[in-house]
């Protein structure tokens, strides 16, 4: 077992643990922290997979900005411990079991697809990706969706403007 | 490979929509407070008309844009015109509503424009991530629009449900894109049929994509959010929801379906079953509704089911039928929700079916127009809805989907009941309390005239539209 | 000259003109409506010379391209069978208007608009020669009737009107599926058409070779729609409700004309298009028709509600028509067509009379009446006259149709005719029994003692009806000679097609691709099927 | 020959009268109504006489003389013309109908003078004349059927003339409906004839029938079925078992109506049809036997009921039924001329009986119960004598018209090969009963002490307008039989000879009397003896001592009750047919099948759909979590569906 | 080396499937609107992992690019979503997703 594999297992365990903890913890703050753990673990995996820039963005934007927003809102709303109501029999009796079944389905098929998994890039070693190439791709080939995302942010601003403003 | 001016011309509608949206938002603070709404409305209407006019260029110059990210073809132009028209009508219809509910107009129109731009992108996107961004643009705008009546509990709730479930479904869609990417190494639809393929991942991916899109078009069993969201959202917004995003999601389905041939086999049974389920769920659910908005929401589920039948048929006439039907349906639904919005009164208080008692005498013109919409939804001849249904039957039978056609026939009858019930109330019941007739504002009147005239015109003279939507090469391959 | 178009749409034009009038100007609304209907009747009489005696085909045809994808034509035409049905419609509409001259006081404008629109729909059904167009009129005509029942009807009007519409739609939507399927079949031969004649000839000369099972399904799709309309037992339960709740004018048109659309459809579509299936199903249909005849009569006999009684009698009478059609005999089919006409007149008149009673007493219950012959002898006399025509007294209109149907049916299936003939006995029972309870004896209720007899208007309406009843009873050949050839034509189409199908196996494959010269060969749609 | 070319005039005249009186008569004075009503019939009678004269000058090959006016119904190969024809049979019927009819019209002007709806009465009566004339003059079955149904209609109208009385309205309705049952058979007969011969014209049918295969006795062949069906119609119209029940009730109508329609003319239409179709009947011995047996049984059966009736008109009604039975007996044994002969004489004497009874009722101020009469002989002598003549005629007193006709029938019955003796015996018993009940009627009404309240009832002789017809008919009743007096009585059988050309074979058959004169005389003597016995019995019971009758009634209580209640036939029909049918139609067909099963399932489908809709709606719980669960369900399904094709080989590998 | 990469890729994809599934489970399971929303974020993260892994597998960079897009979308969604959540919290005084059920049937 080589180093990267061990690291992979460690990070995977961390991510899974975070996810499970997200589900199980009753306080939103704990859940949020669990999610941050998952994100950081994933950032590690990105590094392992040779996507350094993405890993950085993941930590800064996701773990930093977005999750801070979450925590901020949790604090703002003074959200307490989650009350575990069971008003939906559908969710409890069907949704959850099928949710697990769905997970197994996905894992089964993804694992099953391994034999057909493309490995073209594996030979390339994976470290060829440079941030520059990424930039070229983003600002040339995918400039249109990129510009669209700016409007997405604009929309988000409107949302804050419209929804969160005090009543006049 | 670097974008040219030609690329920008081909996305002229989106450019116009986004700029007008931004402009409206920026301009509003500087408008005089007393006439702010009116000016915004005028600007928005002008903007929408310009956006519609801007489709002329793509109409004449088919091709691709941005290195194949977008396909500018008949389908794309058709949907641009469709969602543009919907936006125009919704803007016209919502002036009265915003005034009545005392809501800011500038942001509202801006959001409508952004949403429409997103739908436009969806309609022409040939690359899945672009489609996804378009989808998110329209969705996120929609979430905000749904909660636009901030203080109304129902509006909030509608927004929350739409947002949570919408994002949930989007995640599926996105995961599907990832799987497809993993299977083919590309997100460009036109490149998917070539090269190495991981069949398992491909199927899995398209299954997830189907889930995401089925959610957006409200196909069973993913229709579940629709009634709540439609009921809670401000009524003009409901009009937009029922016509715009749904059409755009169908456009994406159509493009995937038309471009990636293997999908036919993947999706056939899913479409078949979903179509049947959707029709039944929509129509049966609508039977017992007492709220007009909710009833129309269920009805829109049912109609999505009819469109899915045409999808399942997957032949040329089926494609034409989908487009024709969506157009006819959009006209009618926008019109109907506009009437509901108009009649709802302050705070949307009068949206129960029984509130319409005696409408035939109180407001004969409004009642007549609403009757026309209902008849079109029901599929009565000389309305657009009938021809739409007819073309779907045609498509289904041409592909020998006889059982599905018969199920659809059964559903038409079930559907007739609740549409007729509204007519019953309007014309055959006396009003429970004396309600004053509401004057019809010019803009709302205009919407009604346009949609009603369009419904009848399409019902009697479908040739132009049908010639357009059934031409060869409508969809770029 | 676009006579057929004018005839079809004149009422609509009148209706639009009515919309321009002020809603409370009842006098002029009524006058304008009646003028329209009367001129429509006069116009429709021009059709009669247009269909020469002994001519089988369609006359005064009008074909205009309408929808190009798929090819749908605006195609009208009239033949002997539809001729008198159109005239019947245009005749009954002014009668219905006069019948509601006084009794409709609310939303008068809308009422007459609906009646006129209904007239357009019904005439359109009878004149359309394009399947799509036919279906269009077939559906459109539902609406005005729906409103007539629903707005101006009686206590349970909403239930009845919804039942009427949903029932009819349930049948007709399947017919639409059938129509589209036929088009699909034609399309397989590169013939893009909904034209009745073209599809019929394609089916007849075997170019569209239907498998027996497919033919049966198609036949069923069409037949169900028509059987509901007729209504054939056991699909009849919408009828009593609709009739009881409908206003008089509605009942007159409903019984007089609308029900005939069903039997007309069987004659025009089921038989010529699907002869083999028709033959296969004929015994079953005949049994249902016979059950309908006897059942309708027996149930009518015990109805406490006069209007319901007449409604069930329609079930019985229309059973004769269906039986006549499905006996596939020249005589019985002519009898069926004749019975359609005479039932329109007789039952229309019966509803008229029941309506007059209702106008005076506001009830349909027989027990509320009794001894009415004393206060209103004229009405009693007319009622008897009409009842006699309805029970098939020779020299009045009802007899001719019934007699021909039974005579013709007997030639093919003596047992059917024997059972059906028993209906003749029961029709006397229910009509005379109810007549006695309403009109004979001492006046049982004080309020009935002072009921006014017929007004001048009512008298003239009834005199007109009575004159027609007598005329049709004595001079039946003036009618039959004009549709004799068309009826024969129906049979010819059946038998030739049948003869062909018997020898279908011997026909070489090459003939299948042959297309007659007159067919539109332009192919608007790609050969369909899954890509 | 002018009138022969205008045959239509004869029926048209009464029709015109009916139309004028019916449509405008309400405002006419009575005189006008009389002139129109009686005048039109009288002219018709005159025309009939003239027609008879002209007819007698026709050569044999011109007979039947037919005139077609227009095509009434035509479809396919079927064609029914409005075609009238004249032959010997028609002439006889024509004269009887118009003649007797006219007399009764005259009589009615007196009888109905004080009734309301006078114009209506004459309009109906004229209408009846029209249809009856159509019936006898028709040249094809459909047109005959027009008359056939038409007289039924007129009968309905006239029986229900006093429509304020429920019993009258009931009786009218009953008459029409029972007749319709017969018509059902008649129509089927027409259909079968058309199927067999391709036409319904008499000439075509009969000329084809001459050559058709004759069925053997007991064989249910074509001819037999046709004849049995035709006879069904006749049974209804002519009130034979089992459809006779309407006729006694029909006495609710005004008495002239009973005389004209329910005695002289309409009810004999059945006999006419059988005689008209004798060609067919001669090919169907089984049917003939049935006709004879039914006729004979009816004759006996009705007579027994007549024995105990107390209503003067009811007695006559059952007598009519009984006499009609005789006519059918004659036809059944092959002697159509005898049947027709009896038809004619019966028309005379039964019309007379009814008119006289009407006169009695008129005199008694409306009383019809014989138990409340008695000793009227002196107050109303004209009526008494007229009625006596008629009674003698019907009882078969030698020399009177009924003697000849009845004698001929009994003789032919005796000679018939199939079951002849039994028919003869039963006929003889019926004759005995006839004589008995007729004289019983005479004695109860005219003899003995008055049993009515002489202070309140002022018995008075009827006006001249009523008496003249009585006298004329009395003369006919007495002398009418001599046209056919058999050779042994010194006369020639003119009647049979006259009808010979029409009856053809049938006439020949009966001219060849096997037993000769002596047997004829013997039989006549027996018949007379029987009649006298009947007379004596009646005299003994009703004039000598009443206690005899009472003792008899006591000792045969069961039989007596049975007879008084007319064998409970009405009650049985009511219990076995009418009530179950109404019950069945109401409870089973309407309530159970229509409302319950059919409409119930229709509404059930609607309700079921609603209920499912309600369940579907329930899914929409409003809880976002459950919505998410649904999305998951959908996702699992879609993924499962799409990957199923891959799973199958995967599973296959495992195994 | 190649085998290791292969393992890493496969493992990452399976992990992403697991995380996605857990996200779905979390969505159904959690009651607090904020945490429900977090489970969506979890699902998006799973998607990102898949993108990166497939990007590596195909040796193409666009997979990584998509991650940016997803992150931007997630950010926008977070802004809007949290705004809506604040609205709900203000108007309802409850963050339990099950209690927000006035729209139903």
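Every chain is named by a letter (A, B, C, D and E) in the order it is written, and numbering of its residues begins at 1.
By definition in this document, contacts are C-beta pairs under 8 Å (C-beta built on N, C-alpha and C of every residue); 3 or more make two chains touch, one makes a residue touch a chain.
Here the structure is a predicted model, which is why all the values come from computation and not from measurement.
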Remotest chain, chain E as reference, centres from CA atoms: D
Contact pairs, highest-scoring chain pair: A-E
Identifier of the chain whose CA centre is least distant from the whole-structure CA centre: C
Chain whose average C-alpha position is farthest from chain C's own: A
Euclidean distance of C-alpha centroids - chain A vs chain C, Å: 69
Rounded Å distance between chain B and chain D, as computed from the means of their C-alpha atoms: 78
For chain A paired with chain E, centre-to-centre distance based on mean C-alpha positions, whole Å: 5
Rounded Å distance between chain B and chain E, as computed from the means of their C-alpha atoms: 27
Residues of chain B whose C-beta touches two or more other chains: 129, 133, 136, 140, 143-144, 147, 150-151, 160-161, 164, 168, 182, 185, 199-200, 204, 227-228, 417
Residues of chain D engaged with two or more neighbouring chains: 606, 617, 619-625, 628-630, 632-633, 635, 639, 643, 646
Multi-partner residues of chain E (at least 2 other chains): 13, 16, 20, 23-24, 27-28, 31, 36-37, 53, 57-58, 60, 62, 69, 73, 76, 80, 83-85, 87, 97-98, 100-104
Chain-chain contacts as defined at top: A-B, A-D, A-E, B-C, B-D, B-E, C-D, D-E
Touching residues (chain side chain E, partner chain B) in the complex: 13, 16, 20, 23, 27, 33, 36-37, 40, 43-44, 46-47, 50-51, 53-54, 57-58, 60, 62-63, 66, 69-70, 73, 76-77, 80-81, 83-85, 87-88, 91-92, 97, 100-104
Chain A residues within the chain D interface of the complex: 87-91, 94-96, 98-99, 101-102, 105-106, 109, 112
Residue ranges of chain A in contact with chain E within the complex: 2, 4-5, 8, 12, 15-16, 19-20, 22-23, 28, 31-32, 35, 38-39, 42, 45-46, 48-51, 53-54, 57-58, 61-62, 65-66, 69-70, 73-74, 76-77, 79, 82-85, 87-88, 91, 95-96, 99-100, 102-104, 106-107, 110-111, 114, 117-126, 128-129, 133-134, 137-138, 141-142, 145-146, 149, 152-153, 155-157, 159-160, 163-164
Residues of chain C defined as touching chain B within the complex: 67-70, 107, 132, 135-137, 139-140, 142-143, 146-147, 150-151, 157-158, 161-162, 165-166, 169-170, 173-174, 176-177, 180-181, 183-184, 187, 525-526, 528-531
Of chain A, residues touching chain B in the complex: 106, 109-110, 112-113, 116-118, 120, 140-145, 148-149, 151-152, 154-156, 158-159, 161-163, 167
